[in-house]
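Each structure below is given as structure tokens.
The same subunit A turns up in both complexes below, where it pairs with subunit B and then with subunit C.
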Partner chain A sequence: MLRFILKRLGLAILVAFTVSFISFSLLFLAGDPAIAIAGENANAEDIAAIRELYGFDRPMLVQYAEWLWNALRFDFGQSYYFRLPVADLIAERLSVTMTLGVCGILFALLTAVPLGVIAAIRPNSLIDRIALFLSVAGQAMPSFWFGLILIVVFAIQLGWLPASGASSWRHFIMPTVVLGYYAMPAIMRLTRAGMLEVLSADYIRTARAKGASEGRVMFKHALRNAIIPVVSLAAVQMGFMLGGSIVVESIFALHGAGFLAWESIGRNDLPTVQALILVFALFYIIFTFLADVLNAWLDPRMRSS
Partner chain B sequence: MSNDPILSVRDLTLDIPTAGGTLHAVRGIDFDLHRGETLCIVGESGSGKSLTSLALMGLLAPKIQRSAARIDFDGTDLLKASRRQLRHLRGARMSMIFQEPMTSLNPAYTIGDQLAETLLLHRKVSRAQARARAVELLEKVGITAAESRLSQFPHQLSGGLRQRVMIAMALMCEPELIIADEPTTALDVTIQAQILRLLVDLQREMNMAMILITHDLGVVARVADKVAVMYAGELVETGSAKAIFRQPAHPYTRGLINCIPVPGRTERGARLGTIPGIVPSLVGEVNGCPFRGRCDQAVDACANAIPLHQLDDDTHELRCVHPDGHRHEEVTA
Partner chain C sequence: MTCKTLRNGVAVIAVLAAGAAYAEKASDTLRVAFTKELESVDSYFNSAREGVVLQRAIWDGLIYADPQTGEYSGNLATEWKWIDDTTLELKLREGVKFHDGSDFTADDVVYTVDFVAKEENGVKTQRNVNWMDHAEKVDDYTVRIITREPFPAAIEYLAGPVSMYPSDYYEEVGPEGMGLKPVGTGPYKAVSVEPGKHFVLEKNEEYFDGPKGRPAIGKIDIRTIPDVNTQMAELFSGQLDLIWQVPTDQAERLGEMGQFTVTNESTMRVGYLNMDAAGRSDPDSPFTKLEVRQAVNLAIDREAMVNELLKGKSKPIHTACFPSQFGCDQDVTEYPYDPEKAKELLAAAGYPDGFTTEFYAYRDRPYAEAIASYLNAVGIKTDFKMLQYSALREQNMKGEVPISFQTWGSFSINDASAMVSQFFKHGELDDARDDEVLAELNIADSSIDPEERKEHYRTALQRIADQAYWAPLFSYNTNYVYSKEVSYTPTPDEVLRFHAMTWN
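The block that comes next holds the complex of A and B.
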């Protein structure tokens, strides 16, 4: 098990370095950064001065090494727009995004897994149909549209929940539902398919032959095996929620990291964009790593491979 | 040994609804099994042997309809027993060993956890006691380094070892009845004999009643007290092992016995017996003898209800229009 974890950790670090290089190169792919900073009315002298000030005249690898070294110490430079350290900016925004992401994935898991299990235990029953309907609707409905519907109903018509902002837990209810509902269909269908497959396995019959109760058969013997692919999926969804909740953050005016990324792209605020890409990528890497470890714990066969 | 059978089955019938109509998989099975006795149910694939064993354990798929006049396990009516009552019997007083050792153990748990679970489900014992019992049983089924096996996972064991673990698991609570559904079919030939020997030795040692399901008559000859010959969902002949092998009465039983070579009697190079034809479809109404299409003794009366004959030994029963399984002119006239 320890060997497995170390191997995966090594792999994760390798991927992290690759990603850091790619996100750094974006600075140069987007054109000459000095011109972008100098603005439209700058003359050649201003641009040259800026180029020297920011060190853009040095070889790219040297700049990368410096950037990476600073990044490792959580120093991502200054935001061009806010004139503030990028690290502080992200740290402030990330708390909103993390809260939203964690709530979103929990909402998705807590609705999708039980629904998937029940749907698998009673295939073609009413509850299976309802679960199927919910998952088709969730997949077909764009987040922004579902978010707007919720705002119209619960904020404007009924006045139960605030439509925008992030100042209390009540502000997070609708965004959580919208974000979680987006992830729910895939998790539910994977749980259902996994449970259906596992329930017909010989070892489930063995468990019943031992005299195990139905609840024990379902949760201890079946779900433990059926949940393995769901863990990997949920990790990817979680990474997506932390990086890609831009739409939801915009609709509900939650000023999180996703919203910051969207703003910064528009403002050509490259240090912020670079740092955000790196942070989002790291989230994916961390969650994939955690999912691998969790899966190895759930499925002993994975440890030896 | 008391005179009351530990398991008594009357008129067990299993129907499976299919798109093309009801499949009458098992029809009117009767038998009694006493403590310490071994009953072998023989028959070809698809004759309903496995379904019968699952029906006794109450492990049938929900869509299969079970009916019977009686299924009585040591005074408990299994037809009327609640799910809870059945749960307390399964694993504790009646256990089952399956055909597929490779897939019958849960891949997510250690051997030790799975063995201990059986005992923990039924007895008030500590985990340590359950593990100690697991070691004891693993040693009993001939697994070396039993202690260290407890922390191994099923995928780390060979098929033969897994089947030994399954046997140990079935015996954790010292059941009175053990049902073994072709326990050696999936194993190497060299391992088959070992596992069977083990099973029979343990059965004798623990004085369990055993139902052994097999299509291997060689196995039957070695271990059976009683034999039930099953064909297309019916018991065509039942009797003591001695009677079945010495005086096989039903044409199907005779056919089966002719299929096995006997050292010293079967000539080298001689063709072994075969039974031509195929098993009839059991979907829809099933009338008369299911074997009549393949039987060289068949007469018109075989399409009607088939009488049950008691042969000389009163436990030897035959379901055939011919009172001794052979066609006589006076019967056919």
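The block that comes next holds the complex of A and C.
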């Protein structure tokens, strides 16, 4: 087991650095970083000065090697744009994104799993239809639109919640709902499908036949089996939320890591983009790893393999 | 997000929004939104409009330029004179204190000038400072700035991007520290800076009686909100008092509602077409022919673009500079909208059936598309390519672009050298490479006789227009929307001046 974990971890780190090399090359392909850093008001002299100052005139591989050497010693350098240490910048922005991501996935799970279970217990009932409608709407509605509607209703009309910022827990309610709702449909559909399949399995009939209570049948026997793919999906969704909540962070002016990554790409802020890509890659690695551990706990068959 | 979806979003907000705006007049705090994350508050290390706004609030320049008339008066200096072609002597205002309590003296000027003029210190916009060589202290309140070469626009720069920093503090903390805890002499002091996100300014009670006037509003609270719709929502819910750079269609809607003050003001940004007259992209490029360049100039209905697309205080432009800039003579060849004549000229140039060219742009897609359709109408078929700014600029510098839609804001410097001289002096971005223009600009940029400068800019601009190297199109404008409790008159340089704002 330990050997397996170590092997997977090593592979994951290799993947992370491959991704970082590709992104480094892509940023160079997308345009001269000196031009982006100099900004739209710069003339040719400004750009030449910046190119020299940052050493962009050296071969790309040399620059990547330098970055890698420093990164391996946890030195991520200074942001070209903010002129602040990248590590500080990311640490600050990440706290917002983590809060949002955790709240978002909890919201999604707490609404999607119960709805999926109920929908599976009573297929084609009214509640199943409502759940279906919610999931179709969630999948079809763009996040920025849903966010705006929430702002119009809860910030402008009712005045209950602040429309933007991150200074209190109340600021996180609307972003959580928008982000969570985006992840909800897939989780719910998967729960419902899994439950339907499991409920028709022989061992459920056996469980019922031996006189187990309906609650015990549902939770101990059915849900525990049906939830396994949901756990894997939620882990991926969580990784996505931490790296990809750009739209939500932008609408609610949360200034998280996703938004920082998006903006940094436009600014060709290489050190920030590179560090963020490593962080996001690590998130995916950690969450898929945790999901595997959780699944192993849920399903003893996985432990042995 | 596309323009259309944004507009729809606003429509919903406009329809559903109810209730009045409540400005924070009671707590004497003006709440403002920035759209862009500002890189650093240290004004020498950002190149953003937001940075200029903070610079004018937190620091002062040696000289002050009236934003409406352009007239110069003393700010941190009280008088100045050129001792020779490259030496400017300034008398400094006495009794001025920095926000940290230290006195403003000649030492601060010398330190600031020497620091920013040194290229290796990495000031972001070198052009703003690299005309200075160093400064010399004569006595505590007299200082000399030595320029590298004769530089007549010096006064304009000293009234604009060059502000004075406290020597001891700057030496100790450097640009990074200054960006996080700015200290200046200005009408507002920064009390809190969260990089890129949140800035709080407080009235400087000890501000000297200078040309900016004493600030009236107690506190300025600036938050960065990237989404314009969210900014508007915050305005409606009374959490913001002022937003700016509001897109025209949204400003119009807000104006119709009557709940806020909506004002429009011109900016110094000029939109133009750059053509490869020198044949850098291809020696046989159609744009190497004068008739073709003239045809492009005649093909575009500038009036219609201004009236239908840009609106507000935008104006058609015919020169390679902004009309208010010193030396930007308007007496040049103008090309009226005349598609028939454009077709004739194309035929005369050997393209009776027109030709196909790549056409590039990096911003304002609707404008670029309108331009493309005007060009198509006279037979110039366009292969339109919208690129990121840095990608297009890179191709421009390599001379690979036959024709592109460009804009230039001159960094709000009211001198023609900030525009025409940036593009026609055989630099990497010069697609005209005209020796005559270069010779004229060299004299105009370095003569210290204003009349001589004007004359040579005029000749250069006339030649550029006659040769139709560019097709200058229009000036930009911007919209300000604010609570009725705020009183403010925006200025044509697109800089928010907090010290000029008052409560009604």
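Please note the rule applied: the second predicted complex is superposed on the first by the 232 of 305 C-alpha atoms of A that agree within 3 Å, B and C clash if a C-alpha of one lies under 4 Å from a C-alpha of the other, contacts with A are read in each partner's own complex, and residues count from 1 in each chain.
Everything below uses one rule, namely that a contact is a pair of C-beta atoms (placed from the backbone, for glycine too) under 8 Å apart; a residue touches a chain by one contact, two chains touch by 3 or more.
Remember, it's a predicted structure, so these values are computed and weren't measured experimentally.
By the touch criterion defined above, A:Y203 lies against subunit B but remains apart from subunit C after alignment on the C-alpha atoms of chain A. Applying the stated contact rule after C-alpha superposition, one finds that A:D299 touches subunit B and leaves subunit C untouched.
Of the two partner chains placed by superposition, only subunit C is touched by A:I149; subunit B is not. In the superposition on chain A, A:A291 makes contact with neither subunit B nor subunit C.
In the overlay built on the shared chain, the residue A:L53 is in contact with subunit C alone; subunit B does not reach it. When the shared chain is aligned, subunit C comes close enough to touch A:I35, but subunit B does not. Legend: residue contacts after superposition of the two complexes on their common chain; A:L27 is shown touching neither subunit B nor subunit C.
When the two complexes are overlaid on their common chain A, residue A:M238 makes contact with neither subunit B nor subunit C. Counted by residues of subunit A touched, the larger count belongs to C, out of subunit B and subunit C. Partner subunit A is touched in their complex by these residues of subunit C: 1, 5, 9, 12-13, 16-19, 37, 39-40, 45, 47-48, 119-120, 122, 124-127, 130, 175-176, 179, 195-197, 223-227, 229-230, 233-234, 236-237, 239, 388-391, 393-394, 397, 409, 411, 422, 427-429.
Residues of subunit A that touch subunit B in their complex: 201-203, 205-214, 221, 224-225, 298-301, 304. Taken together, the subunit B residues at the contact with subunit A in this complex read 57, 59, 83, 87-92, 95-96, 98, 100, 103-108, 110, 117-118, 121-122, 153, 155, 166, 169. Contacts from subunit A toward subunit C in the complex involve residues 30-33, 35-36, 38-47, 49-50, 53, 81-84, 89, 142, 144-145, 148-149, 151-153, 155-157, 159, 162-165, 250-253, 255, 259, 263, 266, 268.
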